[in-house]
Each structure stands twice: as C-alpha cells, then as structure tokens.
Amino acid sequence: MTRWVLTLSCPDRPGIVAAVAGALAGLGGNITESQQFGDADTGVFFMRVECEIDDAARDRVEAVLRPVATSFEMDWSLDVVGRPMRTVVMVSTASHCLHDLAHRQRAGQLPVDIVAVVSNHEVLRPIAEFYGLPFHHVPVSRDAAPGGPGSKEAAEAELLRLVEETGAELVVLARYMQILSDDLCRALAGRIINIHHSFLPSFKGARPYAQAHRRGVKLIGATAHYATADLDEGPIIEQDVERVNHDDSVAELQAMGEDVERRVLARAVRWHAEHRVLIDLGRRTVVFR
Amino acid sequence: MTRWVLTLSCPDRPGIVAAVAGALAGLGGNITESQQFGDADTGVFFMRVECEIDDAARDRVEAVLRPVATSFEMDWSLDVVGRPMRTVVMVSTASHCLHDLAHRQRAGQLPVDIVAVVSNHEVLRPIAEFYGLPFHHVPVSRDAAPGGPGSKEAAEAELLRLVEETGAELVVLARYMQILSDDLCRALAGRIINIHHSFLPSFKGARPYAQAHRRGVKLIGATAHYATADLDEGPIIEQDVERVNHDDSVAELQAMGEDVERRVLARAVRWHAEHRVLIDLGRRTVVFR
Amino acid sequence: MTRWVLTLSCPDRPGIVAAVAGALAGLGGNITESQQFGDADTGVFFMRVECEIDDAARDRVEAVLRPVATSFEMDWSLDVVGRPMRTVVMVSTASHCLHDLAHRQRAGQLPVDIVAVVSNHEVLRPIAEFYGLPFHHVPVSRDAAPGGPGSKEAAEAELLRLVEETGAELVVLARYMQILSDDLCRALAGRIINIHHSFLPSFKGARPYAQAHRRGVKLIGATAHYATADLDEGPIIEQDVERVNHDDSVAELQAMGEDVERRVLARAVRWHAEHRVLIDLGRRTVVFR
Amino acid sequence: MTRWVLTLSCPDRPGIVAAVAGALAGLGGNITESQQFGDADTGVFFMRVECEIDDAARDRVEAVLRPVATSFEMDWSLDVVGRPMRTVVMVSTASHCLHDLAHRQRAGQLPVDIVAVVSNHEVLRPIAEFYGLPFHHVPVSRDAAPGGPGSKEAAEAELLRLVEETGAELVVLARYMQILSDDLCRALAGRIINIHHSFLPSFKGARPYAQAHRRGVKLIGATAHYATADLDEGPIIEQDVERVNHDDSVAELQAMGEDVERRVLARAVRWHAEHRVLIDLGRRTVVFR
C-alpha cells in the first residue's frame, strides 16, 4: 500500500472536492488527511489530500486524476508521502541553521535529502563532513571581473549546474549572505526558501538585529519566505518571535535570534518538503499544517 | 443561499469523503471549508464541512444526507453557519469571564445568544443587566436540607428547568465555583464547558494558583474542558499559558491568570458554538480550527 | 509605615547605588525591590527602588535624597507605591480597550483612577456610565473652521483643559482614531500612551490589519508606545503577537488583534502607573518589570 | 579591570543593599547590574550584583566583602563574569540536547566548559568527538551484581570520580535516562540540572509524551530543574511549551518536544552558569534574568 499526497489549485467552483474524492474512491483509496481553502479575494481554490491506495502504480493514479485536473484547470502535483526532497543548502559562515537542518534530517524529523552544501566560504566544511554531506566551496569575490571566475554570475551558474546535476528540488538559503540575481530567483521560483533574521516586514535589509535594538522593540523575530526578485518581499511561510528586554545587547539579540531562525527555517522546510505550502498568486502562502 | 455546517463521526473506512462530497455536489453545494481526522488508535473518523447551497430547505438537505449517514453509521449534525447558540452562563462572584463573554457576544465575535446568567450570588447582577441579559439568582447553601430550598439538588433542578425553558444548547461554567453532581454532568454531557484555572492535569482541585506558587512553576495556565462526572478530567478543548516570575505573589498569579482564563474560555465557547469541537470516545477532543 | 517608589536617571558613574542605598538606610528604610540599568551606548544610568520607611513624611524623605540627586545630576521622582495615577482615557467608537481598562481598575488590578473618558463620539457613553466614569463628548469635525468649534484645535484645547482641571497625570489613547498635533504631543511628552494595532515598525499608518492580511504575515501584533510628534515612532513600551492562518479574513485578524491590543495596553498602563517605565534619550524605554 | 558577579542570600532585614553597595563603592567598584528579591513567605533575601573593579585581586575583594557577609549571615559566592563553568554532560542515546549544548558552547553563547560527556551507551561518541569533547562510556546493566562492574553503584562512583578529577562544578542530565540514587543527588545538590520532557508537575515519570497524548492536552512542554532525591520534584529553573493538535501522534509530540527540551535546557544551563539561579529553601528557584 502506498500513501500519496496530492496538492492542487484551480479556479474555485462547486464540485471540486466531490470530483477529487470520487476519483480517489474509484481507485479504492482511503483519504487520511484533507485540507482545502478557497481564497475569496482571488477566487483560487487550494487543496491537499493524503490518500492510501493499494496499488502503488503512479501511472494508474495519474490516469484517474488527469481528467479531473483538466476539467477543473488544476495546477497539481502528486508525490509519495515521506519521500525525502532533494535539497541544496547554501550557507556563508553562520553554522546554526546548517547544523539544525542536518541534525533533523539525520534524526528522521525532516523529509529532505541534503544533496549538497554550497558556501562562499570554507569555514563550515567540517560540519558538512561530520554529517556526511557533500560540500562545495563556490567563492564570490567583489573584485572578480563580471562573469569571470569568482564573480557572482559564475557562482550562480555553478549553483544552477549543481541543482541540475543533483536533481535538487529545493534550495535553502540557510543564512547565505549574498543577494541573488533576479534571474536566479526566477529560475528557481517557488523552490528557494530564505530565512530572514527579522520579523518581516519590520527591519528589511541589512543588520536587522542592530535595527531592532535601535528601535527598542520588545520582541525579535525571524521569517522564512520564498526568495523572489523583490528582496525580503517574497511570500512568507513561517514566522516566530522571542521576547527581549532593554538590557539585551545587539549580540544578545543575535544569539537569541539564532534560536528563532533555526526553528522557523526548519518548520518552513519541513512543510515545503511535505507539500503543505502552496503559493497564492505569488504573494501569500497557504500552509496546510 | 444558505451556508450549512455538517459535522459527523463514524467508523473509519474508505469512501466517506467521496460519499459526503458527492451528496453535497448533488445538491449543487459548494464546499467552502472541510476538515477531517481519522483516529488511528480508536478507528473513529471525524469530519466537519461547510457548504453553500442555494436551496435553504433543511428537509431537502437532510433527505440527501440521511442515506449516506445511515450507510456509514454516522453520528451527525447539521446547522446553519453563524446561527447563535442558545447559552446559559453560570457564575459565582468573579466577573472577568462573564464580562468577556458578554462583550464578545455584543461585538459580534462570539456566535452565542446568552439566554440566562445564573449565579449563586447577587453580586454580578449589575453586569448582566448592563448587557441586557436575564439574571437568575439560584442560591446554594450548605445549611439547606438535602433536596430542600437552597440545596444543591434544588439549585441543579432549577438550572435544568431554565435550560429547558430557554431551550439552551450550551451551559458555560464561567468560574462557577460549585461542584456539579454526576447526574447533572451526565444530563448535559458534551454541552457543559468549564474553565479551570490551571494548566491541567497540573494542579487539579482547589486553589490552583496557590499550588502553582508553592511549586514554583515558571508558566501558569488555564484549561477549558467539557465537564464530566470525573472532576477536572473531562476532554480538554483549549489551553494557554503565561510566563511568571519568582517575585509574582499568589494574587499576581491570579490577576495574570484571569487574562488567560477569559481568552481560553472565549476560544473554547466560540469553537463549540461553531461546531468545531468533536469528542473522541469521551476522552479527547478533535478541534477543527 | 509607607512604601515609597523612587525612580531616577543620571549620567552613569561609580557610587550611585551605594549613595542611594546609603541615604535610604539612613532613613531606616528597607529596600524591597531594586532594579537598575546602565545604557552603555548613551552613558545614562537608570534605577527604580521600592523602599519601606517607618516615617511617612515625604518632606523628610526628599530632604535626605535631594543632596544625592543633586550631586549625581539625577532626574528623579518619588511616589507612594500603589497610589492610583489620575488618568484620562480617550476613545472613538471601539469599546474593547475602554472596557478592559475600566474593568481592571475596578478589579483592583490597575493602579489608575480614570478621571475622565473623552471621545469624539457618543457611542461609548453607556460603558463609561456603567463603570461610573465621567464621560466627555468632544466632537471633531473635518468641516469645522480651523480653530473654531468642533475643530481639531478646539478639541485639543478642551482635552488640555480637562487634563488640567482633573489633575490628570496620564493620557491613554485607547483606540482614539485622531492624529494629535505636534504641540499636544510635546505638551504631554512622556505622559501619553497610544495603542497601535500592529507589531511596529511593521504596518505603520492606517488599516494595519488589512496591510497584514495583504502581506500574508503569520503573526499579528499590537504595540503600546509613548505618543510623539513623529507618528508611530514613539518609544515602545510593550508588544505582543498572536498566530494567524491563511484563512483568517481581515475581520478575523481584527477580532483576534483586539485581544492582543487590550492586554498590551493594560500592561503598558500598569507599568507606567507603577513607575516601571523610563525613557532613554527619547527613543527607547527601560522597563523594570 | 575585572567584572565580578556576587550572589548572596541571607535573612531579610534593612540595610543589606546599602552595606553591599557601600563595600563595593569602597573598592572603587561600578555596579553594572543588580537584582534582588525578598521572599515574604520565607523571610529570605536574595541578591545578585555585577560590579566592575579596577583591582583584579580576588583576595582584596573578598576581604572587603567578608565582614559584611558575616554580619548579615550571608551565603555568598564570588566569580568572574563570563568564566566558563566546568561541566559534565550525561546522555543516553538521544542526541538533540548534547548537540545543542556543544554547539552553543562553541558559538560562545554558553559560558560552560564541557570537560566530559558521560554515557551509558556508545552511540553519541561521534558527536562528542566532533566537538572535541572527552567521551566516557560508563555502562549500566540491570544484570550486574549490585556494586559490581556495570552496576548503577559502580556507574555513580565512576561519575563522582570524573567530577572530582575534572573539577566539574555542574552536572547536566541531558536526557540521561537513568534514575540517580538519593546519595548521588545529595552529593551534588544544587549542581545537577535535569531536563524533564513534560510541563511539570504534569506527567511525572515515564513516557510523558504518551501520557500527554492520551490526556489530549493542547500544549506540550519541558521543564529544567535541579535533580533531587524526590524524583521530578526538584526546584524548577525554566519551562516552556509548544502548541499541539489532535492529529499529532506520540512520535510527532516527541519531535516537537525535543525542540522545547533543548531550548529550555540551554536557558537553564546558561542562567546557572551565569550565577543567575538561587535556590529558595530547597523548593523554588529565584532566577535573576
């Protein structure tokens, strides 16, 4: 018996649930989890279904679902529940997020298969090696000739090559401190998750903990979102906060913030890898937790 | 057009979702919200569906659903979304929960119709009257002859009479400091919500804030649960906590706790009144938020 | 015996605590609570001390503290612990904050004495009257001649008159939806608390819940801050958040947000009235909770 | 210049703060942080002071403080701020807490020096070695002769020997699943911190996540406390919770709980190592955060 997860979005109209449930019933399927949301503002309907079916043949399941999908103009995807998603993790020098993701993968708590760790520095190589993860040093230098070795363009080309070579389905920016080009964001749209170390939309841009300290906020936060060409404006997947006091220094905010960052990022990656996150018109997310 | 809410539970087996969705589609219904849960431990399946149907005739909707319900051995209920649930609120002398519920009802944030406020004291009468709610003083005295005027038995009989007279569907113990008899709990099973001023199962019984202070816990909480004959053991609907410090006195814990109590109770009442809470074998709740 | 609360700020240098504690010991005082903070960025030292002294004569306590205060160039204030602070509450039509503050005052949980409720509408008069609070309708009309009856200038003059007449020490903007003039903010600097219905600095300005919904944030919040000429930029006293989902409408965000607003505002008012909040160079607050 | 941290407790009476502050002022000290608490129930006064003094000679500081301490009958301790506390971490097979503590130590966020990792299993040796921490396998077998090799008595003797040999000041039970003897608890009283995987006093004893699942609680938690002979009854240092739903399995509760456990434990260890935790009559803690 196989447990499938079906996600779909389409224009909202009557009969979608009945059609999907009917098709799955026709396969002898047992729906074990089902969530849906109709966005009244955009008229888009979203659904996620987990269904146990005796026959494990993907062809047969797809053959039954395809006519339904066509008739309702669905964007849809079908996967096996729990299949690890092939993932590239990009880092610079901060280790907490990489450690956390790798530890959770090994503990069986994160359905990802980290196929590459990519960094513009060498410093996190030992951590990658400790977890047995392939490490790729892809340096980026401001002094490099545009498009030449060590340039941002070359680094992004190398990243895309690695994504292709490894068959990666997801790229996680785990405190990768480089700004990506619009082209790269578009090429990987809906497949790059970034962790921003503030409670967006507060404190966009650089040094958010210093900004938070200066403003005197009483809670600091972190935001996991899909990276888009519009920096720090991509659809938000998850956020959380931690209480701070007047006597916490910027360094203390940063230390406390790292805890929030890693748990927010881990949740976002898990939900994405479990096909729980759908994007609503490129601006907001629907998260079926 | 009417928006209906259907809730059901039945033995888990394939085809339930398809059958329900198919029946609703046959009525031209548009499912706008749907949640389900199959409890693997107990083999019970739970579902809640909101569905817009042009025809507002309850008879017709029920006629279509009944054969499905019968064939799957469902416990089921059908209501109109947003219909205020007729509710009796029982209080003693603490005002915060009554104030809160009444204020939310008036603000249109709680789909209840408080048809009676019942108290063993007179002290909260002005609050009930401010909100225009009928107030009933039903005294309970330890000195009363068993079953005689002022006895617990007489008070409970009067409560049941009021429930019947007002057609109340829900009784809320909003810091009503009397222990109810087993018979009353059974008579109103699944229809009485109590707010306990601790994070159950910690600090059952009397004076939970004093117990919490003595134990030196770092968070205090409140628990809304269905009242059962087994005191403080009924199915939990909602819980929340607040951080406390070593220098908070019992009185301060109580003041902070009242905030938690009222928001936990308000959520539980709202979810119950919206048919979002189902009881799983009398022990746990399924809450479709 | 009287319990005094002393708050002070001064340039940071060695010996401050010893001098203050020595002076209080000389009065036979018993320090029951003491907190301090030296801001390394600004070089300002802040302190709050509660002290029990047998002799209740304010003159004598001040006489002993004055030389210490002078020698360290202190800004300082002395009050009796628990003395209710005379407070004006300003509202428009939303009732939840007024209800909450009035209820807490009556329950003995907020050391304020609400000497006036001022509103540009009549709609909350019954609530003020229920709690026995003087209600003043001070209309503001866009059509009024500048400075004439019903103008913003006339309304602010009336507010200042009321503050003077009642001896109010604090003004609380409890969802008063008018923007105050720079002059008024300056006249009442450090004595006006506003509740903003977002997690500042996110979503400044109007309709923050609609902004939050559009941006798809996963937590909504509220911020209590001192009102300054620079709108939504005053020193933050307290903030809190609540988790939201993709399917919460703007109206639902608003209903959930009201819970956050009232508890954030109540905390800020309580801490201010207990002399727990000091302002650090006009930009950040030091909160000795 | 040296920054000292002084902690003390003594019978509460007037003049303590003045005496301590005066003594430090006599040394030319600058108090940078100071907190105090008088427990009205027990009559015990607690204080923690950080003070910068030019002269780094411990002898001279102690010589000035000793007469004050004697005259007020103080229990007191003096340490240099930030000095890493020598710590033994005990584990079984669960890795998350060890990983977290070691990572925080290396990141400079936890003022401890892990001098030994002790385990009754070999499974976590690679993690200890990755972080360069000495690993000691001290097996415990139910089949061992009492007091003989592999017995609980022998294991505890070996632990005490390691504590002595390494000069360890703190023992952390980071999911060490063995019950310690009363003798060991007494020998290390106030110096062993345990993490219990429930929100104590709920769900004492074994398999707390299974208990929590059965009871249907809506929040799960973790508790860091000093280990005492009275199992799960020691003074609580820190607690936190996480929201759960009806559809979270025991395994999911456990995975979510591990996040809570590690952050609760890390906070407790940091606060202890920074001398922020004092024990009030063996039952409650005073935490000067």
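The chains carry the letters A, B, C and D, assigned in the order they are written, with residues numbered from 1 in each.
Heads up, the rule we're going with is that a contact is a pair of C-beta atoms (placed from the backbone, for glycine too) under 8 Å apart; a residue touches a chain by one contact, two chains touch by 3 or more.
Remember, predicted model here, so these are calculated numbers, not experimental data.
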Does A-D or C-D have the larger number of C-beta pairs in contact? C-D
Per the C-alpha centroid definition, the whole-Å distance linking chain C and chain D comes out as 38
Chain B to chain D: how many Å between their CA centres? 41
Quick check on chain A: which residues sit in contact with 2+ other chains? 33, 37, 247
Name the shape of the chain contact graph, picking from line, ring, star, complete and other. complete
Looking at the complex, which residues from chain C come into contact with chain A? 37, 40, 199-203, 214-219, 221, 235-241, 245-247, 249, 280, 283-287
Could you pull out which chain D residues touch chain A in their complex? 33, 95-96, 99, 103, 107, 109, 126, 130, 247, 255, 258-259, 263
Complex contact set, residues of chain B against chain A: 12-22, 24-25, 28-38
